[in-house]
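Presented below is the structure to which this report refers.
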């Protein structure tokens, strides 16, 4: 049984221009000790997805539904207060995109990391401090950092503080939302190494959210490709990188400039759709080079293309039919 | 502009603003130049108004009916009677007296008399509803002075005004009348103390006082002329009430509505001139300071830092007190200390704009400094500048009002603050001259509110972060 | 692979040359103390006509400052800047206008580098207005042609639009059109694709590449992403702490990096390969390079490295 | 270290403010000839004293006159009345600085002294009592209401309050005072018309204190009404701005209860900008105090200002202008220090 099961998760905001369908019927599973990558470009709804999992919702929510089961317990049916107490940070914690902005500028970083312990489990201060200092050491920070303020740390250090504070209550799952996108490439590599080490040593389960499909190969065991609020393809890392079935995944991979091969990168013409009025049929069809008859008016089903790999594309439906005839 | 009218507060504000402008234009067109000194501050002009009279509409809420001031003038129909060697011109003024009180005063004013040899005679007679009539007063125009040549002109420069209520001759006439008609012996002196008008417009109540006699009175003014070419230009008979006009009067009998109307263009002038000039200077210095950097920036920054931190009101009080009470001086000071605040804000906006690449990009195109500053940077600050301009308008109006309230207003231009000040100084707050205190304050608030409402409508433009929330 | 022009440094006609350029800024530290920040600390480089030079480095390496220097947007603390062998280091602002007509820039942020209060037509027309080129009709034709060049077609559809109505990629194309409208010979492109969606980055780079080929424009391509540098540039210079630590033809530098910092930059680039997750990437702690102050040495023909000991 | 630098810069600016206002006052006084008049009266006053003491020893009236006029000449050159005004500038600065401005023309201190410094300093505490209590009450109410509003953005209450605060921005402080008097003193007769204490004053200290509070109620209420709307609105805006920051989302994700999020991650962070807002409003509230004291006949520096203007007493006006500037500058500096304590980004 997977550790986390997400079924038909949906999150919509109301905005001046209409309802934003940020997350639309997203489903996926995560096994214990495994990293799931969620890959999508800006505006594909990946940050909304993480907020939906944590149930930290802005005020202008229009619709929020779906089933989330953690370790066999359906947490999506918990009332808000119980969810806050039982799930947030205790079972699922998070590392935010901009370390700069996700730390309170007027509080010491150590206190911020220790805060969930102090406020929630009434741990005494000395004990909490020790725990946080240990974690700082674990993520490669000096223990003295505890008494520093965020503006005194570099971007890489702040991101490490973010990782350490996500570990403070021993959660089952950590959501990493673009944890390295604001960092220089060399610092990025250091943070990725840290995450890999934590995964290996602590057996952590993670959701790794990124816009960079190449970076996702660095840590993810499974991937879900997000386009315009929908999962268009998911599968193991080997399947997605070795044999992508959805044209979007294929083109996204082809758009990565390679250092070590001579193939020229290609681009996807056009721009991602506005989530207030996504195109009918397959949401990718206006940019898809392979579109044919049903694409522009019929929504493609999620088709199993391989063991553990599905793609939401009419091409695969057709090829399945061909296979079936044979 | 669209933003402005899309919100409720914007619509109300815009409607108020248009009303303010229309009233102001009307006042500018209708009022004489030099209104403040020649008219408002000239007590002679207001002598025929009752003093500290509340507005006449207060009668609606009062159980006792107060008398409204009635003014009769010699412009209507006149009866001409020929008499031997003279012409008699008779004016009849009809007065339907319904008030529960006697007039606060009665007066007669004569103007522009000219005669050839014998001075004309003017007589006032009151015909009462009870059929009785009193020969109240007789004026014989002053005779020729030695060496003076006819035609003799009298009361041209200064009108002849007699307060009938306080005139001993009238008192003695009324005393005679009471003696004859009501057999009431009362001396002239007592009558002057009790009030002559009480007797003229009343009947004795038996307790030594008088009861108001309601009904139709006719005030008859006879003019006796002894020559064809003799003339009496203008006659005015006033029955002074205890309520007056729309907004009442002050201790000098000045019609407050007249003064308050004049306050509109003045307030608008103070507010708009100050805010427009302040905004202009602040924007230019802010953009130059932020864009040029270096020494220019340091100098502007230091100067504006210091000026912006000086507490304005004490300095304003001091300067107005020492240098003189002049509206333009006040505006000048408000501007001098007003621009730095905006400079600091605009400068930080410019620095933020500079942190993007637009400035560098435009420089690469070969654009001149002034083009970058005013073609590219200024438009980005413009919505903010516009909103600030509107928002700073009430501040100037309020500052002037405060100064006027301390008695440091410009006497040549009556403002709402000054009217309030005289109300306060005359103890209006402690004796309850509310009509003298409330309307000017209310007008200040409404005018200030107009701009605040407009500014409120512009807030989303200025603070886009709030817009995101709503 | 797109055709690469093999231009050895010093060959061909020279567009821009920097000679030992330094740019130091004074930073306030204490109440009276100030320190010097050496953003660019003695860099020499050349860009030939029609050549694409990639300047690679991380934030704070001074690559952006160096880019500004090639446009003479900044005046260097010392050193010389030559444009077609003419010294423009100390040229007065008024005299730079001619130069400004021939060099242009494309910036990282397509949101903040174009005027949000102008429509697309006005933005692209502005350089022509500033340099008083052509009458209104000629300008219109030229602006439309340029919009077509950057594939904002049909241009009529875009002319009246305002920047906020366009996507990031389209906006960047407006920025490119504005740089292109004066037919420049040199364009400094500072991270032109780092704020654009991954799927559209290559589109912009291809567009720039085609412009370089059809108009023979020289480019300085400033980036932190060495992978796009390999794809887009003829030559690469790697910057670290205000100095160039390695430079040479793109393939040589990337396939056979010699400086440890270059090696690290290359190692840090993630390749889409799922086997990566089973190994850690090699990471050199910054600040551990001891060859900072060394001069560039030509290790093999046209491949220069700082402090390399044979 | 950075904090010291910031404080030094702010201190220098504020000192500059003081000096510039002082120079402005003195230059205006000099250029308009008022300073001549003021020194003249100072000389006359001293000559008068001198004459009295000399009259004890010198009997001959002629000789007395001679000595007195000699002394007078000395005094005139001592004060520099025989020189153009600008040469006396530094001297004048010093005299204003020490409130050594001679005696008032008609005004007297409560004790009967006519010395300007006595008159002015005696009123200082009364003004401070009024302003600080109004400031504290406005702050508490403003903070409470502002936070409440921020949690209910767009509600009817929020809208009503935003209009109310707009109204309070448009309200002249003194007019509010007048309204309160008209309603609560004149109509309802609940509070006194003005003053600080009843006459005769109660003897018992507690009764005295209560009497002062009873007298202070309306003036304080006036100042509070005039500023509380703006406060609440400013707090609301700051809280809303902060509430949109990522670290607030992070704090919620950490599972912190909403009151901790509000207190520690929103209000605590919004405090420095709120304080900045107070600093900006300080000049206005001092100005409001001048007028409110006038309206309520509160025997502070503001009422004294009004009396001095009415009595055309230049010495007192100059001293008060200076004192108000000092009061402003000092309280500004206190708030700057507070700001630095609140915001670690400035502290280090």
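For reference, chains read A, B, C and D in written order, and residue numbers begin at 1 within each chain.
Rule of thumb we're sticking to: a residue touches a chain if its C-beta (ideal position, glycine included) is under 8 Å from a C-beta of that chain, and two chains touch if they have at least 3 such contacts.
Fair warning: this is a prediction, and the values are worked out from it, not measured in the lab.
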Other chains in touch with both chain C and chain D: A, B
Closest chain to the centre of mass proxy, which here is the mean CA position: D
Pair joined by more contacting C-beta pairs (A-C or A-D): A-C
Whole-Å separation of chain centres (CA-atom averages), chain B against chain D: 33
Gap in Å, rounded to a whole number, between the CA centres of chain D and chain A: 57
Averaged-CA centre spacing for the pair chain B and chain A, given as whole angstrom: 71
Multi-partner residues of chain A (each touching 2 or more other chains): 59
Set of chain D residues in contact with two or more other chains: 153
Of all residues in chain B, the ones touching two or more other chains: 469
Parts of chain A lying in touch with chain D, wherever the complex brings them together: 51, 54, 56, 59, 84-85, 87-90, 93-94, 96-98, 101-107, 115-116, 119-120, 149, 151-152, 165
Chain C-touching residues of chain B, taken from the complex the two chains share: 355-358, 360-368, 371, 376, 379-380
Chain B - residues contacting chain D, complex: 9, 302, 305-307, 309-315, 317-319, 321-323, 394, 398, 401-402, 405-408, 420, 424, 429-430, 432, 434, 437-438, 441, 444-445, 448-449, 451-453, 456, 463, 465-466, 468-470
Residues of chain C defined as touching chain B within the complex: 68, 71, 73, 96-97, 100-101, 103-105, 107-109, 111-117, 126-127, 130-131, 175, 178-179, 182, 190
Residues of chain A defined as touching chain C within the complex: 35, 41-42, 184-186, 188-190, 192-193, 196-197, 211-215, 217-221, 236-238, 240-242, 251-253, 255-260, 262, 264-269, 271-272
